[in-house]
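So that you can tell them apart, the chains are marked A, B, C and D in the order they are listed, and the count of residues begins at 1 in each.
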Amino acid sequence: MSADYNPLELLVCVASRIIEDNSTAFVGTGVPMAATMLAQKLHCPNVTAIFEAGGVAPILPGLPISVGDSRTSHKGFMASTMNDIMETAQRGMVDYGFLGGAQIDMYGNLNSTMIGDDYRKPKVRFPGSGGANDIGSLCWRTVVITPMDTRRFVEKVDFVTTPGYLTGKGAREKAGLPLGSGPYKVITNLAILGYDEETCRMRIESVNPGVTIEDVHKNCGFELLEAPQIEKTHEPTEEELRILREEVDPDGYIIRR
Amino acid sequence: MNNETTDIEEGEEELFTPVDPDEMRAAFHKKSRALKDKVTTVKKAVSELIHDGDYLAVGGFGHVRIPTAILYEIVRQNKKNLGMAGHTSIYDSDLLATSGCLNRCDISYVIGYEIRGLSASARRAFESGKIKVTDWSNGALAWRFFAASAGLSFIPTRILLGTDTFKRSAAKTVTCPFTGKKYAALPALYPDVGIIHVHRADTYGNCQIDDGILISDTYLARASRRLIITTEELVPHEEIRANPQATVIPYWCVDAVVEVPYGSHPGNMPGKYWFDEDFFKMYLQGVKTEEGTKKLYDEYIYGVDDFHEYIDKIGGTEKMMELRNIEKLIFSRT
Amino acid sequence: MNNETTDIEEGEEELFTPVDPDEMRAAFHKKSRALKDKVTTVKKAVSELIHDGDYLAVGGFGHVRIPTAILYEIVRQNKKNLGMAGHTSIYDSDLLATSGCLNRCDISYVIGYEIRGLSASARRAFESGKIKVTDWSNGALAWRFFAASAGLSFIPTRILLGTDTFKRSAAKTVTCPFTGKKYAALPALYPDVGIIHVHRADTYGNCQIDDGILISDTYLARASRRLIITTEELVPHEEIRANPQATVIPYWCVDAVVEVPYGSHPGNMPGKYWFDEDFFKMYLQGVKTEEGTKKLYDEYIYGVDDFHEYIDKIGGTEKMMELRNIEKLIFSRT
Amino acid sequence: MSADYNPLELLVCVASRIIEDNSTAFVGTGVPMAATMLAQKLHCPNVTAIFEAGGVAPILPGLPISVGDSRTSHKGFMASTMNDIMETAQRGMVDYGFLGGAQIDMYGNLNSTMIGDDYRKPKVRFPGSGGANDIGSLCWRTVVITPMDTRRFVEKVDFVTTPGYLTGKGAREKAGLPLGSGPYKVITNLAILGYDEETCRMRIESVNPGVTIEDVHKNCGFELLEAPQIEKTHEPTEEELRILREEVDPDGYIIRR
């Protein structure tokens, strides 16, 4: 029997597991940052964290608050420009990108711009793309980390800030986006979701501890496909939790918000 | 000669800045190359170089290495109808939007404070309908600055395509004459005024930034018609010459230099001081209401005469030493 | 959506390298990101990473900060049918052209030795008809490397237009979708192999260049499918981490690292040693005839086993100290 | 009566005089370098020398041998990239550029690529453009420094490496080159030449000491126009010669080649 953990701790641990060693990853603040640090301390000592403002592979003296702050280049390999980093991604050298968003649809399209049906009179205005459109356009595999409910997982996002598979198979390529790039996984409090290769539609691949497949469907605003075999997400191990709490985020900036 | 027919797709929102490279070359032709003392005060820099209606671009990462003194002075002088590149923009765009100085904005990131949450006052301002917006991404604005710094009118890129971000931008598409592939053509962004805070500058305006996280500041500096530099420290010209490889902005881009120690507060200044999280907490709490906003702005901006007085108000050199200790890992408060 | 008809003008010469950004992304996708020890020897780097038929790009300014050891080894291993970017190219292209390794070249500057005059052997080689050439300018090749480093297939520029340099290039024209203005569209240049000499590298390949005169090396490094670094000095990884702002080439670009002290001889290595003018004088005199050329190449390239032996031959550490004294203004011989 | 001087010294002195203070100038090796240094020590203390490889405003410890060597950034304002420098010129920030060439025509078009009528089988192959096409395309005013004879000043150059006024007025703009840029002066051992505003054709503006207008015409392979008033070029002053010989080029690298 495993230790107690909260939903954020689960998200971080699950996200950390899908990172591969010897890969490059665009890292944002919050959960992706904690997940990358955790992965580095466990199975991915040689994942290279890249920050969009220019920092590369820092030895983090603490969790960065911003993707542009001084911790993102602390004893790093390189400190560079946003242009260089984006060009590196456009050239095909960045494997993973992590994203969030207020809304997501069945093709993994993300909205972080606005709620409403009139762009010039939004009901709610969000920050906008930031680096999300760039990451979603240019990285090989984008991973979304988000809580799951019917307000977030919607039939149609109010605004496509960041491209998922757009309208389905072949649509990214037709739009001019780089071949072979696109959404990879969606990591939520309820399940790990992936994409069906034929249709590029989102599907359930693994349900989290204590969650049923039915729960996942109920909390999604569109019809989710199901992988041929749906796994059970492993609970956070004691080692994961210990390192996460003691070394990665001892101040609870991310996991005890 | 080949004859080619191309469909051009176009974003629907407004392009706020000129793109004609010959018009901009003519402007840069007139820009002084004189090696002269450009040191001035925050007040004068803002009153002489920033006019109502100007389009601004602010260096740093919105709450990292920001020219706070200039931003406060713009608010204090109540500049009107400003435009702005909301590029990796946090405290900077919040100040200008909340204070009513802004009437148009190219957005890649505004309102948000990264993991700290959102600014209620910035959101009110951007939802008020009083600020015309056009949406982009961080990469898009970074490349738009690059295109301008290179004296072009556009640059091809592989972002924005297929999204509403493209539709609500002022980008177009362009076809590669070699591959036939479709690119998003981003229009160059030439700001009227650039404002950048640096670690070190000489009186001519040669600038060095220590940590190397340059975001797009080298391009933004080159792209700007006029450029105001605030610096933690003015240094003798010889100190610049001792390390030419560290100079990231040459003097010919610069119109004014102001020495402003602690000039990025409440933002982080790499190698110098960490974020003032207490201030940000107070600020984000305060701006939740109109009254709280007014009180904050009266207290820290309208009610102080200059940045020295502001630094006294936020805790003076004692506070700044504390933030330095966190930044330099001498003591950690958290 | 607008419908636009554009006349595309085209240069008539051959484009030697691929431009499709998706083909190149696929290649970069496969490039290892592993943090591993990449230290090897000159011999192995050349035999394993440079193949007959490859297209090369050489860093530095042709006789400043050049990877001489790799160039000599290419000649020694008698690689055939190589292509090359003749960008600010002096001793580098001369060696490959004179030795018969080269069969095609994008030229911006070859044959000449700046104020020293011309290399007779390079001229013979380029006039022999055995090397296919396409002409460009220094700026053109610099921007072609940039376009490749940015993962594009082209970049618009305002050079070449109206000239035979355009006509004898492989450039095309492109119309700006914003202004309707005509640009020279330069095709991205993705070399098969980049070769760069630096001041300092760690075993993973993170590189630092001290003087800051980078020419286009940061772009060339990023644009190359494979990249060989020679370095004056291998340093512990921690030394790189102590100054991340000084790193100009990140490890992920690099396939091989070789420590070669004095590795830019007879070229200048900024901050380390000046040009060996005696050597250049002897070289330019020698290559005036076929026999002289053969003698020189036998003596300094074919007849030596490695770069240590070569350095002994040109006067060893005593000579290198003399060149250091000139470079560092300790003594001036001239 | 002035001191003796050789033709190269005259070229350097005359070239140095047309540089304006508080301007930016692209500087190449050889005569332009010496002229810029001389100007700096006389009437242009604040001219900023820019080198195409990335050096800016060095304090020269000696004459650079290459536009990319370590002297070009010695105690300079900045050391940068060729891309940055070319972009600076393309943006309109570089006032003067100096050029040479094997052939020049009446519109100031320059050839430094080849002699012959078949590009693929040149009679003589020269180095190529180097930075010349860039400088001639992007700087506001380009200045050519060259000896004058009928082999160099030709009706039609074998290859237009670097654009002058191309085929005449308006041709640069039509080709897409930046508005208002172009050839400014040609400084030769016989005369200072400029351009007629209406036709963009080369004209005699000043004849050098001991040279007649007739001499100039005889040494030109095309019909040269004449300025309404043709000046006499001032001889090098003793001060110019002293500084040139003692401070700028004491080793005679340029002036005693």
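Note that a contact is a pair of C-beta atoms (placed from the backbone, for glycine too) under 8 Å apart; a residue touches a chain by one contact, two chains touch by 3 or more.
This is a predicted model, so every value here is computed, not measured.
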item: Interface with more contacting C-beta pairs, comparing A-C to C-D; value: C-D
item: Rounded Å distance, chain A centre to chain C centre (Cα mean); value: 40
item: Gap in Å, rounded to a whole number, between the CA centres of chain D and chain C; value: 28
item: Rounded Å distance, chain B centre to chain C centre (Cα mean); value: 37
item: Interchain centroid distance [CA atoms averaged], chain A/chain D, Å; value: 57
item: Chain C residues counted as touching two or more neighbouring chains; value: 21-22, 151-152, 157-158, 173, 181, 183, 211-213, 218, 244-245
item: Where chain A touches two or more other chains, by residue; value: 55, 73, 78-80, 90, 138, 178
item: Graph class of chain-chain contacts, one of line, ring, star, complete, other; value: other
item: Chains that touch, pairwise; value: A-B, A-C, B-C, B-D, C-D
item: Residue ranges of chain D touching chain C (in the complex, touch as defined); value: 29-30, 52-55, 61-62, 65-70, 72-73, 78-83, 86, 90, 109, 113, 119-122, 124-134, 137-138, 159-163, 166, 171-172, 174-178, 251, 253-254, 257
item: Chain D-touching residues of chain B, taken from the complex the two chains share; value: 21-22, 24-29, 31-35, 148-152, 204, 206, 218, 222, 240-242, 244-245, 247-248, 250-252
item: Chain A-touching residues of chain B, taken from the complex the two chains share; value: 60-64, 86, 88, 90, 107-112, 114-116, 118, 123, 126-127, 129, 135-140, 142-143, 146, 157-165, 168, 173, 181-184, 211-216, 218-219, 268-271, 274-275, 277, 327, 329, 332, 334
item: Touch list for chain A against partner chain C, complex; value: 22-24, 46, 48, 55-56, 58-59, 73, 75-80, 84, 87-93, 95, 138, 140, 178-180
item: Contact set on chain B toward chain C in their complex; value: 1-10, 15, 19-22, 151-158, 172-174, 176-179, 181, 183, 185, 187, 210-212, 244-246
